[in-house]
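One chain, subunit A, appears in both complexes that follow, with subunit B as partner in the first and subunit C in the second.
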Partner chain A sequence: MRCTYSCGSAEHVLSRRSFLGGTAALLGGAVAGVPGFSPFALADSLEKKRKQILVVYLAGGSSQLETWDPKPKTETGGPFGAIETSVPGIMISELLPRTAKLMHLMALVRGVNTHAAAVDDHGKGDYLMHTGRAQAPGQEYPRLGAVASKFLGKETDALPGYIHIAPGHGGLGRNESAFLGPRHAPLYLGNGQAPANTLRDPAITDPADQSRQAFRCMLNDRFAKRRRSAETEAYTSTYEQAAKLMRERDVFDISKEHAADRFRYGDFDFGRHCLLARRLLEAGATYVQCVHSNYDTHNENFAFHLEQVGEFDQGFSALLEDLHVRGRLEHTLVIVMSEFGRTPHINFYQGRDHWCKAWSIALAGCGIKKGIALGKTNAKGTEVVDHEVTGGHLFHTYLNAVGLDPAGGFEVDGRPIQIAEPTATSIKELLA
Partner chain B sequence: MKPNRNPLTAVLIAFASLWACSRVDAAETAADAAKKVGTLAKPQPTLPKDQTSNSVASAASLPLHERIDRLIEQGLETKFALPATDGEFVRRVHLDLTGMIPSADEARDFIDDPSPYKRDKLIDHLLAAPAYARRMQIVFDVMLMERRDQQKVPADQWKTYLYQSFLENKPYDQLVKEILSGDGSDPTNRGPAKFYLEREGDPYILTRDVGRLFLGRDMQCAQCHDHPLVDDYKQAHYHGLYAFFSRTYGVQPAGGAFMLGEKGEGDVTYKSVFKKKITHTTGPRVIDAAPPVEPTVVKGEEYWVAPVNGTRAIPKHSRRSLLPAALASNENPAFARNAANRLWALLLGRGLVDPVDFDHSDNPPSHPELLDLLANEFAQSHYNIKAFMREIMLTRAYQRSSEPPAEVSPADLAAERYAVANLRPLSAEQLAWSVMRAAGIVDAKRAEVERSLIGVDPRFRAIARLDPKREALAERLIESETYRSLVGNEQPFVHFFSAGAGQAQDRLAPTVHQALFLSNGDPIRYWLGPSPSWLVGRASALSDPAATADLLYLALLSRRPTGEERAAIVASLAPRTADKPKAVQEIAWAIVASSEFRYNH
Partner chain C sequence: MNTAVSVDPAKIASVKEFAHSSPLMTCRFDPTGAYVLAGSQDRLVIRWNLESAAKTTFEAHESWVQALAFAPDGRTVLSGGCDGKLIWWNATDQKPKPIRSIAAHHPWVRSIAVSPDGKLAATSGTDKLVKIWSIEDGKLVHEISGHAKDVYRVLFDSKGAFLFSADLKGLVKRWEAATWKHLADLDAAKLYHYDQGQGVDFGGVRDLAISPDGALIACSGLIEASNPLGAVHTPAIVLLDGKTGKEKLLERPKEDIKGSMWSVRFHPDGFLLAGSGGGSGGLLFTFKPDQVNETYKFTLPNMLYDVDLHPDGKRIASAHYDGKLRLSAFAPVKTT
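Right after this comes the complex of A and B.
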């Protein structure tokens, strides 16, 4: 039975195996039991320079004052102090002692102002920071993960181009890849678990599965041949992805990593998710987003940040250091961001509210200058006084950093659409 | 003996008591219902008559569906798709009016019926059946609640309210007025108040959602200034709508349920972030319609019950109570227009204005004149939803095939030209119920309910059919009980095939998670099991493999297999005599996972 498009059929399995090379095929059984060693390393070594992106998203809006831009001993500064980092002159919050030692790998952006896009709203801030554009009804642009999947990913990749490690199970239905379609939509790993339903009913043998898939393909061919195929193609492609994922399900299992690493990254969700992110990046994932939740501290900002930033510091610093030591950082762009920052003003409940006028993000790795802090806020942190940037600038910069042209375009229904918001530009001072 | 805990007991008692009654006034026959639906064929003198061509000016004497078709077809020189095949049609109409595909028997009977009137007959038959009310209950629940968690009002109360409303074909304006009049204070009627209460009476959320869902205008971006991209959306419109809600708040009085309170004072002022020096004041107002008249309230005497922390204030003059009449009014053309556009989108797969909540002059309808016509007719029919849907379903546009004619350009096939039927992915609920229907779960449950209700004695059943009112009541009870027993199975489908809570639920992209669920998830694996009364069991029991193929196709795809397909199945079953049920199960799964099953086409 003929199948006019790839659909997880035996031929595709074979071609992917041959890509991995005879060695992997031979060693397949032997390496499976060795923790921390994955056959992906073999494939990965073929393209060492492949650009990847890691986003650590501090959901809810982390406080710049308790992270990258502390203002100790001012009326807005709160109780925590600032500490020296590995870069003389750059001080960050004392809640980040481990990350402080890696500052020479990083670049801080302290002049983020997203007020023009009116983003004191979680949804809008989230949208702006992931697309570089203000949200408008009737328009959906693909998120950074989908863009990375499209332009940095490859058809032959074993893993989906956009992987999202979420604390809960949520978010299954958001249209994050917009017009780029389901091939570039996020794969959600709810609470760091392998996606649901990746195990086939054991009663269905391989030949039985092949025959039923072939029959499905025959039906789809008949249907698509006589109807517009773009809509059904998107649907049928999800079965190809499913077949790939079912073959690769071990890659989501961090119990295959060394116990010492699990300890070092932290015995809590975010630590485990960071370790999973490392495992996925090493398996060749193009874009991994790791969400740490929740920083929306309208009440008890300081108690919450003490706990949350502590977790972040441990998991993130372990991951950043490993990427560096293992030589991956030079081709992996690392972004730590939120939907917005938090008010310098401390409210009645010892909380800080949403604040988009003057806040910070942190970058590291591929294409980014090392050991710098760009931009400046005033003494109380209420305004940007130097190098003000917005979501559009940052989005351009990310693309430049991984070697993509922000002015490049998609063609959607015959209409050219620029990848990044056309009125913004890259932040040259950040680019290496 | 153990007491009878059969959940059917209550239903049986209800049925038995009605059976004993001499009057069954709640019930109505299919014929009554069909009469009630009415038609919109009466010509309307308000139609534009400026055309010099023959097309529309002379159309006023034609039935509405014909006028719709002329407006779609005028100026389109392209070839249209052929009318849908019987198989396509019966599947489409069942999905649209019952929320699930037809059974194999229904599909076969329809395809084999030689009557030239069978399409109209099927539409009328399904519009009169209780499954129509169920389908619309689900559509309106998802549209208005957008899958919010149920915190304040149990979903059952709201869904029952919607179901009853559609069962009696309540006019759309009345439905909306009831929903927007609820405040949750009447414990016996909290269902319709769910719209407000699950949004916690938040004035901003209500402003946005009333604008989107009942006016087709997402004016969120006009909150702080006139909309930056849309000239028609003024800051004044946002705040005029907001003024109906600005005094409203949610409150849970001690020992009571969550409900709405309202203050009797407080005006809405706003200024543009771009012109901060000018402050505007507005009272409640729906877009550009004349503001509703407000009574003068003496200062200091604003309240029946004055606001005290944690209690529900009752003002002498409630601004929120002005909304239903001001919104659902002929003074406000956006009301009928939005509803007409949404019902059109429901049946045609694309709104004339698209997206449906972004109606403004820079995003004009694909067929402006048609949208005006639909909105007018809908309003003039006193918002008769059934009659309106019936006219749309009688159009050639609705009844076209989804297969394009040969040699047409892709531009001619654009979704907004309606030259070819648009493919519409099944909703989460349609998918769940369609798999259950095809697998035989729904019909097995129905048979079980029917046995409990009417018994197994054929004479008794024949007697029961003699009285159409009782027959209709029985159908309603059977449908309700079947729905109640199986509705829990929707849940995993909703999990994988819906957008997040509080977001619009249309335009979902397919995901790998869905494919994994359909491939390996428990429900489908279980339903395609070889139980003798279910599809795979029945199809395996047929000795003729061609008959097996026919049954599978009729049950799953509402058509017979092509010769080639039948041969493929016969060939694949031939070597599998030892494990035929497994072989049949593989084929059934492949069909469920195919595009043809996934889409309403």
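Right after this comes the complex of A and C.
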């Protein structure tokens, strides 16, 4: 049951193109799509093939040397070797044997340098890689998940536009949707669990539930006629989203998946979370972020990466292969990233520290070329020597890949704001 | 090893340094006491003659060398590395070549122990396995599973009756060497930590030592891991009763020292020698087996990863991050 004022009236519906002032938005003002400034310029057929985004975030800063850009038998290379992949000439760490077999579906970006944005800091690196912009005081831009929710999500979606599968309890307390407002804020699934309180008390019967819903809607409608505000819109939207979630609760339950799949993805949290990500994407989720923690290995980097990257390899490769086999990869952009990489120098704890001058990410799927490694670092991995890119370039590229125009934007308090950092551009060599 | 050495556990001095250009991961004296060998991050086994300081390199590993063990006669030495290989060498060759190379574990060999009769070698690895090899022909004699995590250490008791294997979770397993039957699980889990926030398993038994009479088993590692990924933890030793397997004592530095107790040895005089590396640098400790805190702490100039005790019971080798193999020595007990 829906309340009349928020379900059918063009004036009242919380459209992805419409205003929604977030209570926590630092910019605080009205946000609107700007005529002639639309992100949909490149997206005429968005509805034909629904674009989705999967981000696998290796929290803490995974080592490029133990993943995508190995330097075996060098002073900085560490103990691990490099292995051949399904693409002749592209070698990756021996810790990724399953992913290596899928390299023909992927693109590696080995020339990431985020030093200009001074991002040897976890928070700043995380912000840059999710917004494409350097963090600055007094400014807050929406993260990729919120942007995807707004521009790729649909009003009728049963699932929230931005779903974040987090280890532990989940929820980071950040203003991730910024001026896009709470409608596009992430739904956190702490440790892959279904949202709390989505199971109706069994003591409440269907008729009783319908009756109380009708009563709530009546009060809402009466209130809205006199005091409608962005906050009440958000409240109503959230309530309706919650009602949808209660109906769709099974989508969060990976026990519904075959045991063979659960085994294939791995009997550990990240494997289970990857399987949940598949389930969510197949249920139509617009943006799913799956976090694997923790790669901040100042101490015993190699022993920790041995375990962590092994888990990543199993869960991620199973997910990527399934997206491919099930025909979803062509409309799902897959991004594997961290806030930064790790130092080529091996410290005396046998660890690697934060490093943003020369590191790597991996991409696959929608709009991305297959089987390429773009960019190059020097023999010790200390500098980018070819095709240097930064977070802004990557953010532009992600938007382009899913058919959004990075030059499109919002209007906040009458001021046009471009979705992506205006000084950066897409990395054409990565775009299919 | 001498049985009555009579050194002063409260007095250690630096003696000598041997230099290499890459961090040293492990070190062992040869049983004759003429050489010290080290394994390095640049894929070498390095031998130094203790008298002449002559340096010889053994080249065959494809990755870091982090395990060494001698046969009792001192002629055969085995090395294990992060390439998973177990390699046999003639320890005293002028131009050493591998006698045999075996893919023993995947991906890393963590430790090697040779039985007292010199017939068998036990290895452990990151594959959670323990394997038993014939020293003579390199054949796999037995494979032991049962550990749920990385097996850091294997060790035979002095009579060769038992094999001990110890893992990341602080579990020590006792096996009957004649049959490889599992006899008991010993608990050194105080050395293990699961960090909920960081989502990592950490710690474990980094080294094992058995007292000459078999009465005590020393498990070295770390405690108080408040930040595993940031190397904030305290070196420690869990002493277990050799018969019951029950914990007898937790030994730890009396000061606020940060690091891991990478190595532990029982000295013939009855005390423990241990090596710690970490935030507080490279340190040697001596502990009495009935006291919580150390008898003596000796500070070395650089982070260390391993320590060994010379067969004479007087000299100590330590393998360091700066590529130095450092020799230290106990002072003799003064006699009147």
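Everything that follows uses one rule, which is that the second predicted complex is superposed on the first by the 370 of 432 C-alpha atoms of A that agree within 3 Å, B and C clash if a C-alpha of one lies under 4 Å from a C-alpha of the other, contacts with A are read in each partner's own complex, and residues count from 1 in each chain.
The definition used in the following text is that a residue touches a chain if its C-beta (ideal position, glycine included) is under 8 Å from a C-beta of that chain, and two chains touch if they have at least 3 such contacts.
Given the structure is predicted, the values throughout are model-derived calculations rather than measurements.
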**OP:** Considering only touches as defined above, state whether A:269 meets subunit B (first), subunit C (second), both or neither.
**Re:** second
Original post:
A:75 contacts which: subunit B (first), subunit C (second), both, neither?
Top reply: second
Original post:
Is A:235 in contact with subunit B, with subunit C, with both, or with neither (first, second, both, neither)?
Top reply: first
**OP:** Using the touch definition from the top, say if A:351 reaches subunit B (first), subunit C (second), both or neither.
**Re:** second
**OP:** Could you tell me if A:306 is touching subunit B, subunit C, both of them or neither one (first, second, both, neither)?
**Re:** second
Subject >> subunit A residues touched by each partner, larger count belonging to subunit B or subunit C >> reply: B
**OP:** Within their complex, state which residues of subunit C touch subunit A.
**Re:** 22-23, 41-43, 62-64, 81-83, 107-108, 126, 150, 196-202, 228-231, 277-279, 302-303, 305, 321
Original post:
Which residues of subunit A touch subunit B in their complex?
Top reply: 1, 118, 136-138, 160, 170-175, 177, 181-182, 185, 187-188, 195-201, 203-204, 208, 211-213, 215-216, 218-220, 222-224, 226-228, 231-232, 234-239, 241-242, 245-246
Original post:
Along subunit A, where are the residues that touch subunit C in the complex?
Top reply: 60, 73, 75, 79-81, 94, 167-168, 269, 293-294, 296-300, 302-304, 306-308, 346, 348-351
Subject >> subunit B to subunit A touching residues, read off their complex >> reply: 218, 220-221, 224, 228-229, 273, 355, 357-358, 363, 402-404, 410, 413, 420, 423, 425, 495-500, 503, 507-517, 519-521, 525, 562, 565, 568, 572, 582, 586-587, 589-591, 593-596, 598-599, 601
